[in-house]
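Below you'll find the structure I mean.
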Amino acid sequence: MRSSFSSHLTPHTSPAGLSEPLLKTQDLCKFFFSRAWKLPSLKPRVITVRAVDKCSVELNQGDILAVVGESGSGKTTLGQTIARIIDPTDGRVWFNGREITGVQGPDLKALRREIQMVFQGPGSSLNPRHRIDDIIALPLKIHQDLSRGERRERVKELLHLVQLPAELMPRYPHALSGGQKQRVGIARALALSPKLVILDEPTSALDVSVQAKILHLLKELQNRLGLTYLLITHNLSIVKNFSDKIMVMYLGRIVEMAPTERLFANPLHPYTRALLSATPVITEEERKHIPAEITLEGEIPSPVNVPRNCAFYSRCQEKKPSCGEANNPDLGEAESGHWVRCPFALV
Amino acid sequence: MNEAALPKRKEGLARSWVRFRKNPLSMAGLVFLALITLAALLAPWIAPYPQDASLGVHFDKALSPPSREHLFGTDEAGRDIFSRLLFGARLSLMLAVIVLGISFSIGVPLGIIAGYYGGAVDEIIMRVTDVFSSIPALVMAMAVCVLLRPSLENSMIAIALVWWRSFCRLAYGETLSLKQEDFVTVSRALGSSSPYIMFREILPNMTSSLLVKLTLDAGYAILVGTSISYLGAGASPPTPEWGIMVAEGRHSLPGSWWASLFPGLAIFLTVLSFNLIGDGLRDFFDVKVE
Amino acid sequence: MRSKARSLPWDAVSFHSSPLTPHRIPRSEINLKELFLRARDITVHFHTLDGTLRVLKRASLDVYPGEVVGIVGETGSGKSVMAKLILGILPIPPGEVVSGQILFRGKDLLRMSPRDRQSFKGKVAYIPQDPMTSLNPVFPVGTMLVDAIVWKQCRQSLFRYLASRRFGPARRRARRVAAGLLDKVHIPDPESLLRRYPLQLSGGMRQRVLLAAALIGKPELLVADEPTTALDVTIQKRILQLIQEKVREEKLSSLYITHDLGVARALCDRIYVMYAGTVMESGPAGAMLENPLHPYTLGLIRSIPKLTGERFDGIPGQIPDYLNLPRGCRFYPRCGMKLEKCTLEEPEMREVEPGRFVTCHRASLKAESREQRA
C-alpha cells in the first residue's frame, strides 16, 4: 500500500526526551595523499593534505550548526565527508544513534536518503542539459519506486515548497536566475525528505537581495519540515542571524566552538577575532560588535604538511614564544559549551 | 509569485538557427549539402540516363564533350557522367554516414569509459588507441582493404576501424574535464549508477564538440573513401563512385577533361561544404555571447 | 601642494575621523576646481538577437581628484558596463553609446581622437576582478611586469620597444623598477617573486601583483572591478588596506566597482548605487549608508544580515528584463513606497539634500515640499 504524499511533509519530530544527538563525529579525519618524486632520489615522498584533522562534532535534531572558515579550512571537505560524498580516512561517525562509519552498499544508499547536500554555486550543480523536472526527480528515480505520474506530482509539490512556479518544469537551467537555480538545488535536496541537510555556501554566489530570500526560505523549511542544518560558510554576518551553534575551522582543525550568542559576545581564539574584524560592516552600529582592529599579515598557509605546532602560529598576532615550540594545543572548555584551542584563551 | 517571470527570449533551436544563419559561408555550405543530399535521394528519378549508372554502355558515344543531351559529357564507356555523379553522391554520403556511425559508436563509449574510470581501464583503452593512432589513416585503410577483398563495403569497414580513435580521444578529453563538474558529484552523491552518470550526465554535455567533429570528419571521410577507390582498393567498376570515376577519366586527360574534372569537382565541393558547415558550427558553439 | 578648495557640501558629516577609515584623504585636499572625470547622461544600448537592451539610461558620475568613488550594484545593474565604457573597452558594436559624454579634463572621451584616447589610457590603471585568471600562466610574473614597464618607458613606440629587447640595460632597469613596485605592495622578497609563475602564488599575492602592475607608469585614475570578490575575508581586508594606502600615497583617484556595501563603506568616499542601468542614489558613503534616501538603497541595506542581529529581508521581485523594461521608474515593480507617478514617468536625478542625489519621485517631492516650506 503506497503511502500518501502528505506524509513526506510531516516534520520529523523527535520523541520527547531523546537526548541523543542526530549527528555525532569523533576525531573525524580526511587526508588526501599524493606522491611526489624529487630527483635524484627514486623514492617518492608522500604528501599528506590534512584537509580535516580530528574533528569531533555533535549536532542535535532541529539545530543549525555553522561551520565557518576560509579557503583551506577544510569546511567543505568536512561537509562532503559527513554527506559521504567522500569517505573518511579515520574517526567515527554516528547518525541517529547508529554508527555509520564504515557503511557501504545498500546501507549507504539508505543513508543517502537521510543526509542530503545543497551545493555552492547554483549554476554548476545543475546539469545544463537536463530539464528542471528531471533534475529534481533524479533522487526519486534512484531511491523510490514511483510511477511517472506520482513523480511528477512530487516534483510539483517540491517546487511549491521552494516557491517556484510549476511552469519551470520543462525549462533548462540556463533560463533561470541564480536565485531560482539555488531553489531548484534545495528542492532536489528535499526530495527524499532527509533529516539532515548540509548547505555548502548556499548564498555566496547570489546577489544580496536574493540571499536574504533564500535564507528566509531555508529557515521556513526548517520549521515546517523539522530539518537539521549544517551550514558551511565564510560569512559571519549570516551566521549570526541564522545558526544556533558555530564552529570555526582553520587548516582542518576546529579552533573554536560555541553557541552563537556566546561566540559573538566573547570570541576567544585570535583567529575568530581576526575573522570578525575582517567582516565588512555597513553601519556604525554594526561596527560596535567587532573587537579591536586586527589585520592579519601573510597568506593562508596551505594544508599540505601542516606544522606540528599550533596551526595559526604563523599569522597569530597574540602569539607567545612558547606557541612555536609546543605541540598543537587541544580543545579546552573555557566556559560551558564554549570550546577553544588556545591555552592562553582558557585562563 | 514574483519568481515567476522569465525573460522572453527565443529558445533553443529557433535561437540557434538564427545565429547560424548569420554566417554566409556556412550557409553556403549548408545549401550545397542540402542540394547534394536531395540529388542523392532523388537520383533514380532525376538522372537523365539512370541505366548508365550501372550496366549501360554505349561505346559509340564514348568521351563526348558536355552537350545538351549529356550535361557533363560521357566517359570512356559512353556513360552519362551527370547521372553517374548523382548515383555516386549516394555512395559517398552513405559511406560518410556508415563510417562515422561505426566509429562514433565504438570510439565515444570507449573514450567515456576510459575517462570516467581512470586507472587500469584508462591505460588499456588509451594505449590501444595510441597504437591505432600511430598509423596514418589512409595507409591503414588501404592495408585492410587489400587484405580483405577490395570493395566499397570493405573500404568502409577499413576506414571505420581507423577512424574510431579520434572519437575516442575527443570523448576521453571531454570526460576528464566534465567529470569534475559539480553536477556529476551531486549525481554520485545521490547514488546514481556509473553508466547513468557516464551516458546521461556527461555525454549530453559533449554534444557540441562531437557535432563539430562529426561534420568536419564527414568531409574528410569522403575524401579518404574516394582516395581509396581512386587507388583501386575500394569500389570497382562499373560502380559510379566518384573516386574511380576520377581514376578512369585520368587516361583521357587532358583531351577529354570532363571525365575527371566533374567527379573531382563533386568531391571537392562536397568536402568543402562539410568543412564550411563544421567551421560555422565550431564558431557558433565557441562564442558564448548571451 | 595643497590647494585652497571650497568646502564641499558634505563636509558636515565628519567621516574621515571614523575608525572605519583611518587612512582616508582629508577633505581639504580634494580639489573641487579641477573635476577629474565627469560622465553625464550616458545612455548605452546593446543590440542582440533578441532585441535592443537599454543597459544604461542617463547614468551620471563624477570623480574628483584624490577620491575613491564606489559604484555599487547587483548583477545586471550596469556597473560593469559603465566602467568598461570609461576604460574604453566596451565592445562597440554590439554596444552603442546613444548619448552622453565623459569629460576628462575638459575633453570628451567618447569623441576623442585616437591619440588623445591613447594618452588617456596611459593615465588609467585597471585592476580586474579575478586574480586567478588575469595573469598569463605561462610567463613568470616578472616578465609581465618588465614588459609593461619597458613599454611605458618606450613611450609606447613599437620600434623602441622591439629595439629594447636586444639591449640589456633597459630590461635590467625595468626589472629594478618592477622589484620596487612589488616592494610598494609589501611583498616580501620581491626579487624571487619576479621569477615565480602565477600558479605558484595565492590569490592574495596575485592581487598584489596586479595592484603593482596597475601602479606602473604613475596612473592618475585607478579603476578596480571587484578585485577582492574572489578573496578570503582576512586577505580581502589586507588588500583593501593596501589599496587605500596606495591611493593616498600616489594621490590617485579611484573608481571602485563592487556589489559589497560593506567594502564600499570601508573604502569609498562617495558611492553611486546603480540599478537596472540607472544611478539611483549617490552621496557620501557614511551618510548614505546610515540614512539612505532611495527605496532601493534602503532595501539593499535591509537585505544584508548584520552583526547587530537585526531583521533582514530581501527585496521582492527580480531585476527587470532589459528587453521588457517597466514604463516608469525602473524600480517601481519592487518598490514598497511607490506613488502613482512612479508607474508613469521615469524620475530624474536631483540633489535633494546637499551632496545627496536621488533618482526617485517620492524623494524629489519630499525635497520640493521642504523647499516650499522654507
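So that you can tell them apart, the chains are marked A, B and C in the order they are listed, and the count of residues begins at 1 in each.
Operating definition for what follows: a residue touches a chain if its C-beta (ideal position, glycine included) is under 8 Å from a C-beta of that chain, and two chains touch if they have at least 3 such contacts.
Computed from a prediction, not measured in an experiment: that's the story for all the values here.
With centres defined by CA atoms alone, the chain at the far end from chain C is B. Remark: among chain pairs A-B and A-C, A-C carries the greater number of C-beta contacts.
As a whole-number value, the distance joining the C-alpha centres of chain A and chain B reads 50 Å. Inter-chain centre distance (chain A to chain C, centres taken as mean C-alpha positions): 34 Å. Counting only residues that touch two or more partner chains, chain C has 318. Shared interface positions of chain A, defined as residues touching 2 or more other chains, are 179.
Looking at chain B, one finds that residues 3, 7 touch two or more other chains.
The touching residues of chain C, when paired with chain A in their complex, are 18-20, 74-75, 202-205, 232-238, 241, 259-263, 265-266, 286, 289-290, 299-301, 303-309, 312-315, 318-319.
Of all the residues in chain A, the ones that touch chain B in their complex are 83-85, 109, 112, 117, 119-121, 124-130, 138-139, 142-143, 163-165, 167-168, 171, 175-176, 179-180, 183, 188.
Per the touch definition, chain A reaches chain C in the complex via residues 70-71, 177-179, 207-213, 215-216, 234-238, 240-242, 264, 274-287, 289-290, 293, 295-297, 299-300.
Against chain A, the residues of chain B that register as touching in their complex are 1, 3-4, 6-7, 11, 181-183, 185-192, 201, 204-205, 207.
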